[in-house]
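Next come two complexes built around subunit A: one with subunit B, the other with subunit C.
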Partner chain A sequence: MKARRVKAIAKKELIQVWRDPRSLMIALLMPLMQMALLGYGVNLDIKHIPVCAFDREASQQSQALLKRFQASNYFRVVEAVGSYQVLKDALDYGRCKLGVVIPPDFSERLVDLEAAPVQVVLDATDDNTASIGLGYAQEVVSGYSGDIQLVSWQRQGTLAQNPPAVVQSRVWFNEDLNSRNFVIPGVVAMVLALVGAQLTSLTISREWERGTMEVLISTPVTRMEVMTGKILPYFAIGLVDATLCLTIAVYWFEVPFRGALATLFLTTSLFLIVVLGVGYLISVAIHSQVGASQIALVVTLMPTMLLSGFAFPIDQMPWPIQAVTYLVHSRYYVTILKAVFLKGSGLVALATPISLLALYAAAIAFLAARAFRKTLD
Partner chain B sequence: MWGRIVTLLIKEFIQLRRDSSARFRLIVPPLIQVIVFGYAATFEVFSVSMATLDLDRSQESRELISRFTYSGRFHIVDVAQTEREVDAAIERSDAAVAIVVDAGFAQSLRNGQSAPVQVIVDGTNSNTALIALGYVGEVAATFSQDYATDLAQRLHGAAARAVEVTLEQRPWYNPNLDSRWFFVPGVIATLILVMVVNLTSFAVVREREVGTLEQIMVTPIRPLEFILGKTIPFFLVGLALMALIATVGTLWFRIPFVGNPLVLLLGTSLYLLSILGLGLLISTVCSTQQQAFATNFFVMNPMMVLSGFSFPIASMPDVLQWLTYLDPARYYLVIIRGTFLKGVGMAALWPQMVALAVLGVALLTTSILRFRKSLD
Partner chain C sequence: MSPDAPEGEARIVTERLAKRFGAFTAVNEVSFSVRRGEIMGFLGPNGAGKSTLIRMLCGLLRPTSGRAEVAGLDVARNPERVRAVIGYMSQKFSLYNDLSVIENLRFFGGIYGVRGKRLAERVEFAIEMAGLAGRADTAVADLSGGWKQRLALGCAVLHQPPILFLDEPTSGVDPTSRRRFWDLIYALSEQGVTVLVTTHYMDEAEYCNRIALINRGRLVALGSPSELKRGAAEGRLLLVECDDVGPLLEALESAPGVRDVAPFGSSLHLLVDDPAADIPKIERFLAARGLGWTRVEPIKPTLEDVFVRLVGDGRLEEATP
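Right after this comes the complex of A and B.
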């Protein structure tokens, strides 16, 4: 491998990118657009769930309970309904997501020291919002229940028993449970996977389509030199994009960054080798630019979105799907990024995902080095 | 006029029938998508990995921990002996939640004081953490309630009863809170978007690039007839995609369809107006397939994120929420989920239908006007 030839190819490639508005757009505009779109659009925090209250008793107690729903940050009482039919309509038409039904004998049961059931009706079409809403409702109701009980025992003359076991939760790594902190590192991985594969998917197919392949083949370059020369400029662009995305993540979206820059740089380089290599392999195999970029999109977008752990937790998937996720390159990088950002994990803690990513990079580099053939058919 | 359209339709179908890779691309990717979404896309938390540390070693602490073990929500991955082990289990992500019962737990309970239970949660995945915290709270609350009742009865005999407000849950439309019911019907909207926009814009741009568009223009066909001939096949493709996914969804994934199929059909047709209009519009601004591909991506990607397909619109910042009103997929998803799960009809869905019709007519008219100009 001669440095001079690699340099020549790399230089030519850079000039070509610079003169091709489409490549420039992918390299510079796409990361910004994706970061903004996914950074703001992917949000799982659920607050102010619209609630309909159906108070069938209208007593002091029932109103007190409803006030607690109103006071909670998670709920917003939007409507007081007078019948089940109205409640059903409100849910059907999507005016509220949750209905609180207080039975007509609510306070009576409380006086008689019976269990007083409160019904919560949820619109569960979006099951995630529903389960989180249910958790919040549970919290409101048990808080109310505990207080009522305390009063009742004091009245009965029992020693004032505080609510016995109290959960003191400490949340680590993402203290405010802000979904943005969890989503944004994954978005960075997604952007790099998308942009990287798109960029290199055009390199060889462009030679075919423009008819410059014959020229390239007639030169004394070896396939190693072609690969290195073709990938190096994009590696540089990829690092610029990575810096851009990570800067946006830290300074714009204010995701806490607790790890070491060196870890981030090392793993980002490995990941870039993988994504650029994948794009290059596609480019060698498919002779048209449109076909190559389409395949690059299909191969990167859906797996990274669904199977990388970017938003959907891998450990909750059925095992055959979990097995498939090991083939998804971004799975490793997403794990690493989240750990480096939020946990501040170092090389030792991340030994497994890093070595698997390195293995992946080595395999892709090996395939890419052998992929290019100096023949015309 | 209809004779010429039919001729063009026949030409399109012959082209499709002879192109085996196109047939493959029409059927296989949708099936893969619906299956991957059906199995992989879930925010549900079935089982939380948990580490426990019992520093009290009393009957009460063992009782509390066994309640976690047998709740069915947690699986114990580590029974730690020291605080450090617990911290390490969380650091390494072996456990998502750790329960630490400090020494003196039973003593406080017996004295009628509050006894704290420490819970450490890995908040990296905020959504899972939130749901796990809900489960922990539920187990701890029942333990407390039972303990209090028990204590009161021991002190005052059976007469002393506990008063309690309980929560009865009634999740409607999706009683088991199954993510699949949310995602699989939604795939119809995103698939129609991706496939039909791509097919329409490429079909026209390809003719332009290859040069066959000029050949068609010298035939007596009129622009409107050409547009109809190009869009009707993709309209039918869109309906077929809807039927395919609805079939896989109801038969394979056992997702209920409680509404009126005709309402869904009407909604799909209106949605397809917008989608075909969009595809045509893209084809008028692009002269090569490459441009069309890039434009498609830049248009469709935001449409998917903003549609509410997987991430709730209500949680987005205001500016993005306003933008969602321009997204036909937003309305169509309400119609899909309304007919599949809620079983609501036109009475509830007419605003969505009107919005789709308005968007569809606007997009189609603009694209047809632009298209005729680009042909002249």
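Right after this comes the complex of A and C.
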């Protein structure tokens, strides 16, 4: 491999990107747009669930319970209804996701220290929102009943005798349970996977399409030199993009960054080799720019979206799908990024995903080095 | 028809070189050789196999059978070593349109390992040769055809290769630019560069030292332009000038002594065995049928006559740009 030839190709490639509005847009504008779209768009937090209240008693106690729903961040009482029919309509028309029905003898039962049933009706067409909403509703109701019990014990002076066991939960790494903290590192991985493959998918197909490849392969340049010269400039652009995305993640979306920059740089470099190599392989196989770019999009977008653990936890998937996720390059980087960002994990803790990512990079580099053939056959 | 070069050191040699794509034979057992400093033209219609042949010689396509040597190196076995000693201008556009003149030249300089003072000299030479002095920073996309072609040649000879392959280098270029381009090729040939060039322009073929006529993958004739003309038809070709070519063309096909009739614009070329005896016969034949003509006389054959005669079924497609 001759450095002079690699340099000649890399320099030519950079000039071409700089003068091609489409490549320039992919290189610089696409990461920004994707970060904004996905960063704001993918929000797994469930807050302000619209609630309809069917208060069949309308007592001080029942109103106190409803106030707790209203006061909670998770709910927003949007409507007070007077019958089951209206409640059903409200759910049907989507005016609310959840209905709270308080029985007519609610306060009586409370006074008698009987169990006072509160009915919660859920629209479970979105089962995730429904089950989380149910959990929050239970929390609100049990908080309320706990307080009532406390008050009655105090009245009877039995507080000290019967302290209930209490779970004291501490949430680590993402203390606010803010889904953005969990999603944004995944978004960074996704943007890099997308942009990286898009950039290199054009590099070889452009030469075939414009007819310059025929002359390039008639020169003594080797395929290693072609690959290296073609990928190096995009590696540099990829690092710029990565810096851009990570800066946005930390300073705009305020995702806590607790890891070491060196770990981040090393793993990002490995990931860039993988995604750029994938784009290059596609570019070698498909001789049209549009075709190569489309395939690069499909190959990177879907698996990263669905199978990288970016939004859907891998350990919740059926085992055959879990097995497939090991082939998805972004799986490793998503795992690493989340850990480096939120847990501050270092090289030792991340030894497994980092070695697998390195293995992936080596395999892709090996294939890419052999893929390009200097013939027209 | 001799496959060997008349004199001098053979720089390109093929022996029964063939290329098949599935059932289609693009190049069918072609044997020839080109000596040092010679300009060898490959003349043939589109799809005759000229480009396939040149691509095999550049190591871009693997021969299906037969052998080819360039600068003493077997192209199938040593394609990389061959690539270091050749320059190639492809039929498609060979330059980077989005790069400037100087950027293209520096790119090929880098690829061919031309560096330092020599690179500066070669770049200056190429710019001078292409007539682009003072326009080094112009984007290639903004250059006209003739300039692009000369610049592509400049890039192809930047590393001073002893052997040059040019695949239809002047297609789509105006006649003045074509003439200038050929002056450059002559200059290179005088320095000892061996040139193999394909064309479908008859006038261009006349500039070559030797011509290989190629049709449907086969080499149908090989020799200097005058040899080809002598061998094919000289002394036996008649020109018939007339007002209306159509009826004469049809009638003369069955006229006594006429072996072949071909239309050339507003006249006809007839191939006969004995012009002196045949002219009166043909005039009588036409008069008997009431067909008018202006004159019938012997002419010297052109390469196109040779081509029509040897290829048989017609003339070159796109013979005029």
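The working rule: the second predicted complex is superposed on the first by the 361 of 377 C-alpha atoms of A that agree within 3 Å, B and C clash if a C-alpha of one lies under 4 Å from a C-alpha of the other, contacts with A are read in each partner's own complex, and residues count from 1 in each chain.
In this section, a residue touches a chain if its C-beta (ideal position, glycine included) is under 8 Å from a C-beta of that chain, and two chains touch if they have at least 3 such contacts.
Remember, predicted model here, so these are calculated numbers, not experimental data.
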item: Side-by-side fit of subunit B and subunit C on subunit A, or clash; value: fit
item: Touched partner set for A:33, first subunit B, second subunit C, both or neither; value: first
item: Touching partner for A:220 - first (subunit B), second (subunit C), both, neither; value: second
item: Partner chain(s) touched by A:307 [first = subunit B, second = subunit C, both, neither]; value: first
item: First, second, both or neither for A:82, with subunit B first and subunit C second; value: neither
item: Which superposed partner A:289 touches (first subunit B, second subunit C, both, neither); value: first
item: Which of subunit B and subunit C A:41 touches, first, second, both or neither; value: first
item: Touched partner set for A:104, first subunit B, second subunit C, both or neither; value: neither
item: Broader residue contact with subunit A after superposition on the shared chain, subunit B or subunit C; value: B
item: Subunit B and subunit C, minimum CA distance [Å, superposed model]; value: 17
item: Residues on subunit A lying within both footprints (that of subunit B and that of subunit C); value: none
item: In the complex with subunit C, residue positions of subunit A that touch it; value: 2, 4-5, 7-9, 11-12, 15-16, 19-20, 210-212, 214-222, 374-377
item: Residues on subunit C engaged by subunit A in the complex (per definition of touch); value: 55, 58-62, 79-80, 83-84, 86, 88-90, 92-99, 103, 106-113, 115, 155-156
item: Residue numbers on subunit B that touch subunit A, as the complex places them; value: 29, 33, 36-37, 39-47, 49, 64, 90-93, 105, 109, 112-131, 133-134, 136-138, 140-141, 143-145, 147-148, 151-152, 155-156, 160-175, 177-179, 181-182, 289-291, 293-294, 297-298, 301-302, 305-306, 310-312, 314-317, 320, 334, 337, 341-342, 344, 348
item: Of subunit A, residues touching subunit B in the complex; value: 22, 25-26, 33-34, 37-38, 40-48, 65, 91-94, 110, 113-132, 134-135, 137-139, 141-142, 144-146, 148-149, 152-153, 156, 158-175, 177-179, 181-182, 289-290, 293-294, 297-298, 302, 306-307, 311-313, 315-318, 320-321, 338-339, 342-343, 345, 349
